[in-house]
Amino acid sequence: MEKLIGFTSDYIRYVLIGGQKFYAWMGFLSVLIAAALYGFYLQNTEGLIVTGMTSQIHEGLYFANLVFLVGVAAGAVTIVFPAYVYHHKGMHEVTVLGEMLAISAVIMVMLFVFAHMGRPDRLWHMIPYIGIYNMPGSMLAWDVLVLNGYLLLNFICGFYYLYAKYTGGKVNNNWFMPLVYISIVWALSIHTVTAFLISTLPARPMWFHSMMPIRFIVTAFAAGPCLIILAFLIIRKNTRMWIQDDAINLLSTIITWCLGIALFLTMSEIVVELYARTEHANGLYYLMFGLHGLTSLVPWFWSSLAFMIIGFVMFLVPGIRTNYKLLPIACVLAFSGIWIEKGMGLIVPGFIPTPIGEVTEYYPTLVEVLVTLGNWAAGFFILTILLKGAIGILLGEVKYESGTAAKSGDLAGSSQAAAVGSK
Amino acid sequence: MGAAALMTMSDDAKAATEWAEHFQGNYRLMTPEEKAEARTRLERRYSAEYGKKVTVDGTEAQPGVLMGYALNVRKCIGCRRCVKACVEENNQSRGKNPGERIEWIQVLRMERGEFATDKMNHGYPEGLGIQVGGNAYTPAGQVLEGQYRYEPEAVPEKDATYMPIACMQCEKPPCVKVCPVRTTYREADGPVVIDYNWCIGCRMCMSACPYWARRINLTNPVLPKEEMNPVTHYLGNRPRMRGVVEKCHWCLQRTRKGRYPACVEVCPVGARKFGNLLDPESEVSLILARKNVFRLKAELNTFPKFFYFYD
Amino acid sequence: MKKLAFHTMILAFCCGMISSAFAQQQQEITCFESRKGASEVVKRDLQPGWPNVKCSPKTGAVLWWGDPFDGTVPMGDMPLLGNVAPGKAVVKPRSEKLAILPMCATACHNGVGPAFNPPTLPKDKKPKPIPTMVGLLPDAQNLQHGRGRIWCLDCHHTTQRNKLVDNFGDPVSIDQPQLLCGKCHGDKMRDWRDGIHGKRIGEWASTGKKRWFTCTECHNPHNVQDGARNRGFVQIAPESPPQLPKGMKDAKYERVHGIAH
């Protein structure tokens, strides 16, 4: 018990104390969060009318980011899986960083859920026993279950591992390893269920196909590791924490495969839908070429496709893949390509045209953009703290009975944290 | 809890009732006493808010009744009187700003189409002279091409037919299945209803509805006092609040009391028919027995209780 | 401060409204039920705050009935309506709305009037021009109904001209046109009797009390097909279209067909 209290207080002390850069970064994030809180206040007094959503297109930026971030959370498994199933040494050392990323991503997902809801004050209606939890009928109920479960699993696995490192004790594999294996499968489940959330709606033909879950998973396993590689490279550069080359190279290989499959699936969808060109292809047609003279999503689609193809080619070439100066460019391209594809390219055109054939467009408002940015800022805020603490413990700067050890790690921790957030 | 106690003790009756509303359960699962209490609470709040005596009815489904609806597409002239009658009856938001006006019925305009002789030989792809398809055809009677913002001097237009749609009150409603809190459900006499006080505004039901029948209250509904219809039903036309979903419920406040829905009564050409599907003598049963009937998007197996027919 | 100003404005506005209301009090609002000119109704309050009808400000059409049975009388007998309990089928009499109807049978077509003594009744059913009638009813000059194959006395009783006529030559009330129309339009008559054709308001149960709209409340009997349009219902102005969603400036996008090859 004493150890646990020590862990908590040392951890908090370590992550809260940092240099100027650290405070500047956290301050910047806090400003964005404050702006989002104001937007959230408007949404809950004026209503969703302050957003660009309508009865025609009633899911926008929030839902799109929600779907994308579930993928990022699931992407953490690309570290956990090789580490524990293939006993990849380089990965094993940094598994906990992946888990921290997953925790932050799931928290962001929950923030976007809050932002998306018309009546967040009634969220308690979903809590079993005091409210009604529509299992197994509602896919959204399943999604809430798997997301909360994933958060819990990652929290337990990540912090138990850190705690063991902190105290210098051994990890009790009798229950730790089963949890890890469960969390691997669970990671697949979160994105699968999120895919089911929209692919089980025959009312929206653009979403209604069985390819959706696998497409979600391969894009997630491309976008997630992209973010992780970026984080790893920044950590390597700015902290004493060294992440092995072969860990990064394995992640690049995973991205290459997954991005390739994602592009292949996109191509399959385009061929199948546009060859037959039924009315069910109208959503995709709107996305690619516009419909009824309305074309606001067309540039998004083509830029996303270009980003993903260029990124894929860069990943394919071994010289670029292993060149850590060019690799970040490929990662940014792939990451943003997938973000567009999941957001503007999947959620919004699902509503265009509406089930009765009306074509309208979606224009996010400033409030919506602010809330979205603020939610991301909140995620990065949490991620910075989690990574800072985790790295401190992995480096041995925070140790049981080392008491004031936190001080020595200040500079390294803060610069790393600032760098992680700034990309 | 302290805050709750403070709020309920406050003099402001409106705040107190609203506060109590926050803690009520799902209407379907309330005991009869709780239901009555919830309705009385609402009656108090609405009466104060709209400056007249507002009743919130709770009449339950009658045994032996399964409501059904039939619409004669041959007759509809596209005058949109049903759309407006629905708004008069059901207390929808009717503000001026975009997103403040809600209508539950859409009257789709469908082209009669034309087949032009001058385009007979215009095939595609052009070039080889061997045609894969042609261009002589202009879409006729297309269901998925919704055009409902037509504004001619007079209807019916020569080159159009009309097809009104609203909630189909499906027997297997996809919207009910996806609701995470079961705030929307099928009543025993057929209509799919919403407990507006239980809805969390997640809008999954809106995504799931193949008929685009559901609307979200993007803001606090704009409902002028003098236009408010004071005869309401808890699951029907009582004023809604910001952030919840609403839709057609076949005028539960009228139909549970025996009266035709407002859209049926207002239709100047008598295209709209309503009745008990379990009664062989009812208008809808006779239509099903005698006329050619179809349902919209029947391939989705939603089993609407809203039938289209023609003479 | 802002609120105060707002309230003052409301107050000023209300005063203005009241004064204009006094000025307009005499002016009554007349709306039409199904067909313009056929069944019109004057708006009034049944109870305070509960009007008999609500009307569309745009088209003047009735949108809502406070009491569906306001001003109705029991419908007369009809064959094969035995299953409708007495008093459950009501109609709104049209006879009182037709201004010249009472005169029809007394002034000219009483069969014994001075001008017709001895009565100059038609000896056969061949149409012949009647100048006085044409003057009174322009419709009669170019009777569309039947496209020249029927004329006045196929529908109007020969000697009791404010009545219609059935197949046996017996008079039929002008409020029961179905007994006349059903002579030819048997299928429509059957559907109307069963509630499939035509308009009814009131109680939806098959045993409920309903106000039946009779044939002539919706159709113009002298020109059912509306001339060359050849549709049973005249054109009317539509109510206003739905509101455009946020971000859309006009509805042009609605008028394009999206299907390309």
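So that you can tell them apart, the chains are marked A, B and C in the order they are listed, and the count of residues begins at 1 in each.
Convention: a contact is a pair of C-beta atoms (placed from the backbone, for glycine too) under 8 Å apart; a residue touches a chain by one contact, two chains touch by 3 or more.
Protein names from UniProt, one per chain: A = Molybdopterin-containing oxidoreductase family membrane subunit; C = Cytochrome c7-like domain-containing protein.
As the structure is a computational prediction, the values presented were derived from the model and not from experiment.
S.K.: Consider the two chain pairs B-C and A-C; indicate the one with the greater count of contacting C-beta pairs.
M.R.: B-C
S.K.: Looking at C-alpha means, what's the farthest chain from chain C?
M.R.: A
S.K.: If you average the Cα atoms of each chain, whose average lands nearest the overall Cα average?
M.R.: Centre-most chain by C-alpha means: B.
S.K.: Would you kindly tell me how far, in whole Å, the mean C-alpha position of chain B lies from that of chain A?
M.R.: Here the centre of chain B sits 38 Å away from the centre of chain A.
S.K.: Find the geometric centre of each of chain A and chain C from their Cα atoms only, then give the gap between the two centres in Å, rounded to an integer.
M.R.: That gives a centre separation of 64 Å.
S.K.: Centroid of chain B to centroid of chain C, CA atoms only: how many Å?
M.R.: Once rounded, the distance between the two centres reads 28 Å.
S.K.: In chain C, what residues contact two or more other chains?
M.R.: Residues 245-247, 254, 258-259, 261.
S.K.: If a residue has to touch 2 or more other chains to count, which residues of chain B qualify?
M.R.: Within chain B, residues 98-100, 106, 142, 145-148 contact more than one other chain.
S.K.: Residue numbers in chain A touching 2 or more other chains?
M.R.: 49, 54-56, 279, 282, 353, 358
S.K.: What residues of chain B sit close enough to touch chain C in their complex?
M.R.: That would be residues 52, 75, 77-81, 83-85, 88-89, 98-101, 103, 106, 111, 124, 133, 138-139, 142, 145-156, 158, 230, 255, 258-262, 264-270, 273-276, 279, 281-283, 286-287, 290-291, 311 of chain B.
S.K.: Quick check on the complex: what are the chain A residues that touch chain B?
M.R.: Chain A residues touching chain B: 46-49, 53-56, 58-59, 116-123, 125-126, 131-134, 137-141, 144, 197-198, 200-204, 279, 282, 350-351, 353-358.
S.K.: Can you name the residues of chain B that touch chain A in the complex?
M.R.: Within the complex, chain B contacts chain A at residues 22, 26, 29, 97-100, 102, 106, 108, 142-148, 165, 174, 177-183, 198-204, 206-212, 214-220, 242-245, 300.
S.K.: Would you pull the chain C residues touching chain A in the complex into a rising list?
M.R.: 245-248, 252-254, 256, 258-261
S.K.: Could you please specify the touching residues of chain C with respect to chain B in the complex?
M.R.: 33-35, 49, 54, 56, 59, 61-65, 68, 83, 191, 194-208, 213, 218, 229, 231, 233, 235-247, 251, 254-255, 257-259, 261
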